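Here the chain labels run A, B, C and D in written order, and each chain numbers its own residues starting at 1.
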Amino acid sequence: MSAILEARGLFKNFGAVSAAADINVAVSADSVTGLIGSNGAGKTTFLNMVTGYLKPGAGSIHFDGHEITHLTPRRITQLGISRSFQVPQLFDTLSVAANLQAAAGIVAAAAKRWARGAIAHGRAGAVADEMLQRFGLAAYRNQPAGTLPEGVRKLLDIAMSLAAKPRILLLDEPTSGVSADEKFGIMDTVAAAVRAQQVTVLFVEHDMDIVSRYAQRVLAFYDGRIIADGAPATVLKDGEVRKYVIGEDLHVKH
Amino acid sequence: MSDLLAVVVDGIIYSSWLFIMAAGLTLIYGVMKILNIAHGSLYALGAYLSATLVGLWVAGGHAPYGSYAMLALSALLVGVVMGPLLERGLLRLMYGRDEVVLLLVTYAVFLILEDAIKLVWGVDSLYVAQPYDLPGNFTIGDLSYPVYNLVLIGTAVVAGLALAWALNRTHHGKMLLAVIHDSEVSRALGINVGRVYLVTFTIGTMLAAVGGAVTAPTLAVSAGMGVEVIVLSFAVVVIGGLGSLGGAALGALIVGLVRSAAVHYWPTVELFSVYSVMAMVLIARPKGLFTPPEARRI
Amino acid sequence: MKRIVQWAAFSLLAACCGLAAAQQPLKIGIVTFLSGPAAGPFGVPARNSAEVVVEGLNAGRLPAPYATKGFGGAPLEITFVDEAGPTTKQVADFRNLAQRVDLVIGYVSSGNCLAVAPVAEELKKLTVFFDCGTPRIFEDATYKYVFRTHATATMDSVGAALYVMDRDPKVKSIAGVNQNYAWGQDSWNDFEAAMKVLKPGVEVKTSQMPKLFAGQFGAEISTLLSSNAEFIHSSFWGGDLEAFVLQAAPRDLFKKSTVILTTGETAMFKLADKIPDGTIMGARGTHGVLAPQTELNKWFRAAYEDRYQLSPVYPSYHMVQAILGTKAAYEKAQAANGGKPPSQDQIIAAFENLTYESPSGNVQMSLGKGHQAVQGTAYGTSKLVQGKLTITDVKYYPAEKVNPPDGMKSEDWIKSGFKAK
Amino acid sequence: MKDRTLIVLAAASVVMAASIPLTPQWLVFLITLALAKGLVVLGLVLLMRTGLVSFGQGLYYCLGAYAAALVEQSFHVNDAALMLAAAVVAAAAVAAVLGFLLAAYRGIFFAMLSMALSMILFGLLVKSAALGSTDGFNIATHSLAGAKIEGSAGRVLLGVTIVSFAAAAAGLHRYLNSHLGRLSAAIRDNELRVEYLGASVRNVVHLNYVIAAALGGLGGGLTALAVGHIDPDMAYWTTSGEFVFVAVLSGTGNVLAPFAGSALYEAIRTLANQYAPNVWQMTLGAAMLAIIMFAPDGLWSLFRRRARAS
């Protein structure tokens, strides 16, 4: 299977701190990859570089064959990489439905101009309804996003990034700030939705149970480097990983 | 050459006047996120009161130099009366509202004070030149300047240094900076934000009044004098970067020098020199010269 | 709403036919600055003047030829409107006022006069401008219902130039400091043009144009000081005028150059001890201390001073001149109408090309097809005598010497070298 | 699907248009003015929906007025329709250019930069003696789309203004409920997310800025025709401030609000001026405070509450 996303020799420093040191990854289409590592290990930095929020100091990122290293987040989203946020980024005064319609509408409107990348189909309204069903948000339809409980905000945030009909979805700690019993519910919903849309997924996660249950492949970050890469079973057993990632950090939330 | 010297001297005199106004404005904005249009009327209030008090003092035949005390007194009075009155009586009911709404509240206050001043002092202009004439003149090159201008410059410098010291060296000042940085967190840390607001607004009001008081002797205190000042000090504050004291100082200096250069070399553009500077600075630096760093959002 | 319509309709009736009913009071709307920077120097002295004069007229206390009560026996009722605010507001207020009064006297600001004139025409409402200066009103258009009972600002600038020539025929250099808006720009342009005609080759050192109501003139004064001009022309008024004097006098600008204050008379009582001797003072006509010592003027000064403990200044004279001009026209029309109260059209017919006496001397409505007054003017030099500012070396200039002939634009008249057509 | 706003708008316009002949001329003028200013405020409402407040809408109000007047003065075209067209085009054109600059600004800086630009126009006009400097100049309107309207110009103009406002309000209403309208609100709430959904915040802001300017220009043009006189004051910061005030007073909830707010403002101002000429500013200020305190979301919120209650 060919790589849909590929990072080659990425470097990024914040002053003295090295957030990425020679990151090389190839992600194959329709795979689900978990990114683990203690805080400041470079997971989110990696996400931010892929989505163009940060520019790498060196190295290049390729999506579906073309280089996207120096594109703006908007352009990258248009090409078909969308992300969700650790702290949900919603339109708080708009209703849940309107949030999704805005997201879907952007694609629908844009489809006329750039058919490449995101495959836009269906009217925004239809897509929004589809998402409401798929994420079980129908009950909140007309409620302003600002008034939703955290778990629902997380789901809406992810639903919006999926409403853009991406080919790659990046989830930044999808279950952080959510009570333990909600977590699996959220992840199941997301997994189902993702399967339905055939999206390649990368997600940052601290909860190793979640990782081992949903990821087909795990990348362990430490000091801006990838110290382990492989199937969950093997990676989570890896000595360095146990020492640097799980050892101190297992089940640590913030 | 002496011409250039004149440009600088005139510029600095004008800048000092601007700075006294801008300092209060930027302080209030920094802490309370209120762009206070009423600042102009408080300036006028300071001018009217000092004109009255100095007038009485002189009429009373007291020691002429006492008139300076009158200037200080009136600024103090306006500050401690109007500051708390407006903050406690009105603004406090508005906190949490949109910045624009707060701005309009101060605009309403401005309208009300304009008429209030008219009702108290009438529409005839007042003037009290004694403090201005008293110290005589000094000459630079072949130009003579009233020594009073040095008082103006001095007031500005002292006010600036005092504020800077109070902000960075005193406990209250540090609390203030904390609130400027993030009022939510400060609340969480147990800082009495309400009190900080009261103090800030009172100091800001006092600065406006000081501006009025030191200006009163140099001109005719007349209706509508606050209007012209306010947009000018807005420009200075925005140029310098909202909430930044150093920015206000630099902004005042730039505006002052540009204006006096325009007057000397190209009088016809004096009218919009200030706004052109403001536009150019904002185009070059969208948030003004000195701006606080922004936190990463994701 | 319905009530408003009826009431409006009624007052319209009153406007057209009301004059017919004898002894029924005449309603006069008076528009002048009651707030803002122009209230102190112009608006309020004018309002005071209106009150004194109307009171005097209603009591029949004025000397001949104005001894009859009110206007031809009809008592006067006045309503004041604040002139402060943008022209949209002025036009709105005028349209509103026009419903409630028989005639309007008002407007200090030239912009407001320009804006209101066509509206007065549209509403067919007799309107008398009492103070605004721009010559454009009757030079750019002709009106039936609009009159102006004082000379334009051109007279002030030309008069100032003539006086400079009388003071120093060998004048070599001039400079100017005027507010950067229409009044200041026009005043300076006319003065500069007149000087260049009267004294070819005169050097213009600098023309300072500070923003209106700037209040701080340090830099301007420095520039004027280093310009070493012999004469400095200024049409400053109000707070700016006072601030300029307060800031310039201590820096010896008045010693270094001779300063011309074309509206200086408005400040001469407040700033008596501040205006240095030798300053050229104007009053925009033979008003105030420059007015002739006639019975009428004596009565006016006495009545005004006795009521306000202040001397009347030129805006006060402009106001009384407007009221008396209208009275003269009204009574002339009444006489022509066999003693019956005249119609508005009859008043207008009588007003055109009218010549009448005011406390400031004779007024001839000879320009703008008989709607625009001309008058002589005068300038003098300030001199402090026992703490009281007096005007010495007064020179009078007859109307035809300082005003263009009818049908000629002021600008062209000056450029032509003051030639008649 | 029925839309109450559009129905109310249509009904109100018809009633107002029908009552024109009965309205006394001074009231005709006030309503025309209120509607013309209401158009400028409509533009501000759109900007506020996008999270932006312009303290320089006077720039376009003034541009529109001068464009209309200059068409009349320099080409002797005194047909209302053409003059208004010129007003809209001039304003929109300038905004299209300045938009590239302003679209990058937010919050108080957007407000201040737009104010600075408007004050620069004010300065330029004051300097231009040819345009009468601060005195401005008069303009006359003799026909509307070819038809002579002398004598009844005021009433005809009110008709034109009612139609323009109704059309603009309806159009804006539709726009706000379209995708771009939703996107504008989204930008106000969270720009970052909009970009991460693949839309260009700058483009939307730019577009809304131009629309607002066009409305401002139209309002200015109508004001110029109604007043028959123009001057640089229209670009002075206090004029822009008045518009912002009316916008906040009205509330941004509904496109009908700006007329209500604008009318109330003119009413307060006129009455205060007639019955309290010495303290009319104070009256205005007090009224402002009262409204800000008791109708936090603008007058419109009052209407809505009433509607719900009944």
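Simple rule for what comes next: contacts are C-beta pairs under 8 Å (C-beta built on N, C-alpha and C of every residue); 3 or more make two chains touch, one makes a residue touch a chain.
No experiment lies behind these values; they were computed from the predicted model shown.
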{"item": "Centrality ranking, top chain (CA atoms only)", "value": "D"}
{"item": "Of B-D and A-D, whichever chain pair has more C-beta contact pairs", "value": "B-D"}
{"item": "Farthest chain (mean CA position) relative to subunit A", "value": "C"}
{"item": "Chain centre separation (subunit A, subunit B; CA means) in Å", "value": "50"}
{"item": "Approximate Å spacing (C-alpha centroids) for the pair subunit B, subunit D", "value": "33"}
{"item": "Separation of mean Cα positions, subunit D and subunit A [Å, integer]", "value": "44"}
{"item": "Rounded Å distance between subunit A and subunit C, as computed from the means of their C-alpha atoms", "value": "77"}
{"item": "Multi-chain contact sites of subunit A, meaning residues that touch two or more partners", "value": "85, 89"}
{"item": "Residues of subunit D engaged with two or more neighbouring chains", "value": "126-127, 192, 278, 280-281"}
{"item": "Residues of subunit C whose C-beta touches two or more other chains", "value": "34-35, 180"}
{"item": "Residues of subunit C that touch subunit D when the two form their complex", "value": "4-5, 8-9, 34-35, 80-82, 86-89, 91-93, 95-96, 98-99, 110-111, 114-115, 117-119, 122-123, 134, 136, 140-141, 180-183, 185, 189, 212"}
{"item": "Residues on subunit D engaged by subunit B in the complex (per definition of touch)", "value": "48, 53, 101, 104-105, 107-109, 111-113, 115-117, 119-120, 122-124, 126-127, 192, 237-238, 241, 244-245, 248, 278-282, 284-286, 288-289, 292-293, 296"}
{"item": "For the subunit A and subunit D complex, residues of the former touching the latter", "value": "51, 72-74, 77-78, 82-83, 85, 89-94, 98-99, 101-103, 105-110, 118, 124, 160-161, 164"}
{"item": "Touching residues on subunit D, where the partner in the complex is subunit A", "value": "179, 182-183, 185-186, 188-190, 192-200"}
{"item": "Residues of subunit D defined as touching subunit C within the complex", "value": "22-27, 29-30, 33, 126-127, 129, 132-138, 140, 154, 223, 227-229, 231, 233-234, 239, 266, 269-270, 273-274, 277-278, 280-281"}
